[in-house]
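What follows is a set of structures for review.
Here come two complexes built around subunit A, the first alongside subunit B, the second alongside subunit C.
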Partner chain A sequence: MRNVIEFTHVSKMYKKRSAIKNISLSLPLGKIIAIVGENGSGKSTLLKLIAGLSHPTSGSVTVNGEIANRRIGKLVSYLSDHDSFYPLFTIREALAFQASQFPDFNRAKAEEIMRYLQLEPDKRIRDLSIGNRGRLKIVLTLARDVPYILLDEPLSGLDPMVRQSIVKGMISYVDLESQTLVMTSHEITEIESILDSFIAIRDGSLIRMADVEELHESEGLGITEWMKKTYV
Partner chain B sequence: MATWSALFKKDFRLTRTVFFVGLVINFLILSLTLFVDVNTGDNLYLFIPLVVAIAFHILYLPILLFISLKTEANHLHLWLHNPRSAAALLLSKVLNGIVMAVVSLVVLYSMAGSLIISRFELIEAYWTDTWTAGLLIFPHILMISIMFGVWVILLWSLYHALKYRIGRWTWLALLGAVILPTWIAALIDSTDLFKQLTQWGSMELNFTTFLMDPIPLYAGEYLYHFIVIVGLFYLSTWIIDRKVEV
Partner chain C sequence: MDEFNTSKPIYLQLADRINRLIVSKELKAGQKLQSVRDMALSYNVNPNTIQRTYSELEREGILETRRGQGTFVTEQEDRLIQLRGNLKEEQIQTFVQIMQEMGYSSDEIISGLQDHLNKKDKGDA
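On to the complex of A and B.
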């Protein structure tokens, strides 16, 4: 069994619209990887395919050799760009529920991230601001000791200070000895410093997958500059 | 076990408002029954509001499951990302619904019992016959409610499995998924083979005070309905585990 996420000739259609076109790639353990591209290019679909929450129309997605269906949740911690909790819970109850459902949920780590992100455990989720909801999603997702952490637009809608603390949290609370973090984001400049690799897609097709360092060395560009050059 | 009980508690919280509203409606019906009692005296009219309320419990599980699943659909990725099997996730909802329906029915029966207990000593045998019939209706109401509830689960699963594949045709597919099996079941039910397979283990219920003929019941028919419920439930879990997408 290889510790990788593997896409083999994966295509995904939504009715007649093609969201992903014949993508093959593998994502190894121990990296922080960004999926970049324009709106609607298929970034979120790629994450959903890994999380088994969407199914390829053709081809296959495997996580550590297992076909990615919804029960791959035991190996993958997925943060959606939508709300990822029951609003009736308090923060403490949400953590307790997460711990009850995921045996790999590290309660001590969750408490630590919660303190770091300055969340008040007794607050009801429905009363939280957008920023605090974003922070809570990060706590619930990063506190799982799983090989793969998938974050779909973790910084979206958050103010710069919150974004900065979340990016710092990613470095502090992801164990790159045993975990890979894959995320989509439009705030490339804010995350570029922590990235090992990036996957660039356009209209559902893979246009480049490379190490950030390799891009710097070969073209003397950062991801943002490279995207401006390539996409415009 | 802790995993499942946390799931059960969460599902209770998702639908507890409906449950408590149901109990309040029960108490309003009791008030109506008392009003009928005061105004009409000793006769079976007393039971009309209670019977209507008890019969309405056929819809208890379908409504409760629909509300619970609709809430999950608001953040479907959250529910689907849970690594438990769909069977475990759904069973928690079904058992929640059954517990709530049983509590609600027990409340109604207790009300009805408290109203007629004093009349058991009277000579009219229909009071005791009515009470016995009422007790027999209890498990049947639950069984029918579970059957409709499982249909709601199946249709909900189908909807979420098809919505990205066929879009607006999904509703037509759901209509077909109701009409076709109902039509096939009606055809099968009318065959002699079906009768031979299900009409065993006969029992007869006699309520001589208000029914001339005894009511025939067959253990085979109960087994048949049980198998249908399990089959529909299993099909729903298969769809959710393999076909539903966000």
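On to the complex of A and C.
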């Protein structure tokens, strides 16, 4: 069995609107990958297809050879772009709840990330700032021992200090020997230095997938500069 | 602080920084480097990138990885002397090229450099 996420001629229609158009690509293990593109270009849909929360209208999405459906959650940890916490839970209770839902949830790792991101375990979720909610989501997602971690806009709406600490958390707690991190983001300059590769989509079509270092080397460009040139 | 420019691969920019630290003796012969992950954290880059930098410098004989112990600056004195020479040559080349593009003659460059260094030596004394 190959350790890879595979899209084969994937299209996704929502009613009459085409969200993803005939995308084929494969994402290997051991990488940090960003999906970039304008709002509404299909970035979040790509992640949902991997997480098994959305299904292709045609084509197939597989994770380590298994069709990505509801049960793919055992291989994939997914962070949604909105939060759905129970507001009366304390942070500690939220961790316990996550552990009860996912047998692969690593309590020791969660405690470590929580300390690293300076969250106070006894605080109630309803009393947390937006930044601390963002941090908590990262703790809950990164602490699962699964091969694929999917983050939908993990930095959006957070202040620069919080964004910085979350990026450091990714470097520290994603194990590139056994995991791949895929995220959508608009904060490209902040994450570019930690990326292995990027996937650029426009209007649901794949327009480029490349190693970031290769882009620096062959074209002398960063992702943002390349996008400015390409998305005009 | 740790900004990289996008016109050159980050792993090579990091290799340049490590080479400079070695030549300036901030990293000494035989000294252990930070682990890949710690280095990734200090420079805010992907651990795979640090691994690539270490591998590249190993291939060039500047670093050595000892199994289970980590990555170290080589103790091969001749290799370090060579590195010192190479970095000097690179800097001079860049400097001379810019001066020549602006039309300075070799004599002007040499006397200008001499004056600058004399002034600086006095200033320091």
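Just so it is clear, the second predicted complex is superposed on the first by the 231 of 232 C-alpha atoms of A that agree within 3 Å, B and C clash if a C-alpha of one lies under 4 Å from a C-alpha of the other, contacts with A are read in each partner's own complex, and residues count from 1 in each chain.
Everything that follows uses one rule, which is that a contact is a pair of C-beta atoms (placed from the backbone, for glycine too) under 8 Å apart; a residue touches a chain by one contact, two chains touch by 3 or more.
This structure is a prediction, so every number in the text was calculated from the model and none was measured.
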item	value
Touched partner set for A:86, first subunit B, second subunit C, both or neither	first
First (subunit B), second (subunit C), both or neither touched by A:73	first
Touching partner for A:51 - first (subunit B), second (subunit C), both, neither	first
Subunit B versus subunit C, judged by how many residues of subunit A each one touches	B
First, second, both or neither for A:101, with subunit B first and subunit C second	first
Touching partner for A:131 - first (subunit B), second (subunit C), both, neither	neither
Subunit B versus subunit C as contact partner of A:220, first or second or both or neither	second
Contact residues of subunit A, present in both the subunit B and the subunit C interface	none
Subunit B contact footprint on subunit A (complex, rising order)	14-15, 48, 51, 53-55, 69-74, 78, 80, 82-86, 88, 96-97, 100-102
Subunit B - residues contacting subunit A, complex	2-3, 6-7, 10, 13-14, 75, 77-78, 80-85, 164-167, 240-246
Touch list for subunit C against partner subunit A, complex	4, 6-11, 37, 40-41, 43-49, 52
Subunit A - residues contacting subunit C, complex	30-32, 167-168, 171-172, 176, 192-196, 213, 216-217, 220-222, 225
